[in-house]
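Chain nomenclature is as follows: A, B and C, assigned in order of appearance, with residue numbering initiated at 1 for each chain independently.
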């Protein structure tokens, strides 16, 4: 089992748990929760694979399906423990977007897209599982609310990836540093309550 | 006209009618109703074809477009008759998911996916037309409400398909039995009011 | 820079501005506005490219990304000027669907789809950027409300395209006339307040 796959599975676990926890608020049945956990964890990667015309990963490699099912069952059983761990939920979600961003950037690179498109692909991989989850739950996607630094952390992480390529660093190190930039940016932004200002027009004007 | 195509068209008719009937509640114009009927009847298959990287069926074979248009026109003209037929609507919808599940499983098999993925493909084919319809109408997809056994009927039908392959039965028989399992499971669940229990966490805890 | 590309860029500018203006009402941050502008302007074309299994245009040709970014920045800076230009917003949106319809029809033709499917592809290209924008903002897509002639203008424009092919006209002329049919149809319909009648069933009946 290589480095890339382990990282990918950690991301699936992280997003499945955040998916289970948000869908349980909607009083769904276990199968509904499983589907939402599944969409949250592989939705971004699926959209990425469709866009870059690659085979959809979870359809060829059963490990993703198994990890989502096992994680969902554990998360449902231990839900009363999990609900007291709000900070852990945030942590899982943040680690997830960090991992997925860099996975997406690398997938884009291997399909020979230009850096700006690779960063977009990384951001889509990281953010659209959550967007699809929110659409399915009929909510305005969290991504578009100005409550949190989210997509911009992915963009900074993706930019770091291409910056680091100028130095002769190992692939693993670039991966870890770029992912950490995403995780640290979002964590600091939440801790210090930093947000982008909202821009709006008064529709009554 | 082969067996497979006839079954497919019956599914399109069933889903178009259920699409027309649910969109008419939203006071749409005839074109809006047609688009919703179209998405409801070919949306699940389109998502399936994108995921397994097959050509999208309705774009190459005009019969689907014609069937949706003719069915929609008839359903609009005879809407006053149809509205008294709530049970028929349920019947059409149920037959539709039964047919689409098995069609999806077979498409997955012919693209050489593993059984668990084929069952997922069948369930997506059957359920996501309705999910897309509900998203377009800005409602929480019916699929995720705990009101009815729905996706689990598809999963049982898909499982039956693979179980029956161990016996030396004809393709048509396996098709009919698996589809019937979906239809009967859902019908019995509605008749006896059987549901999966909802799992939730008290968000105020 | 050929004729096709210039027209395409004008469409991106038109839809980006309409995307910025509608997303600013939701008090999003600049990045959220950029993403909505992006989805509004390339979403229809992306869905089209996925359906016809063509490479997604904006991922290979960076000009689209650049145009959306520059347009969004300008639209945000000059938002106070833009808000007084409600008629211009309508104009931009209408020009956008006119251009996109014909671009979609031509893409469908070059992939050798039948005329009715090409018209559907043109309508999807023109309308689904707006549909995706509305779904992301958690609103019922404008397309399905009976307030305005919208999709039917695209269908008429697409039909005009195939009608004009019987006469020996230049490609550019067919393009301009068909696109104008879309723009004029929608403008006249709004000016004279022409709508399709809504069809509905009384759900209490």
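Note that a contact is a pair of C-beta atoms (placed from the backbone, for glycine too) under 8 Å apart; a residue touches a chain by one contact, two chains touch by 3 or more.
Being a predicted model, the structure only gives us computed values, none of them experimental.
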{"item": "Same or different contact residues where chain B meets its copy chain A, judged by the half mark", "value": "different"}
{"item": "Chain A on chain C, rotation in degrees - Cα superposition, rounded to nearest 5", "value": "120"}
{"item": "For chain A paired with chain B, centre-to-centre distance based on mean C-alpha positions, whole Å", "value": "30"}
{"item": "Chain B residues counted as touching two or more neighbouring chains", "value": "50, 53, 135, 138"}
{"item": "Residue ranges of chain A touching chain B (in the complex, touch as defined)", "value": "21, 23-33, 35-36, 46, 50, 53, 55-56, 59-60, 62, 65, 76, 79-80, 82-84, 135-138"}
{"item": "Touching residues (chain side chain C, partner chain B) in the complex", "value": "50-53, 113-114, 116-117, 120-121, 131, 135, 138-141, 143-146, 151-152, 155, 195-203, 205"}
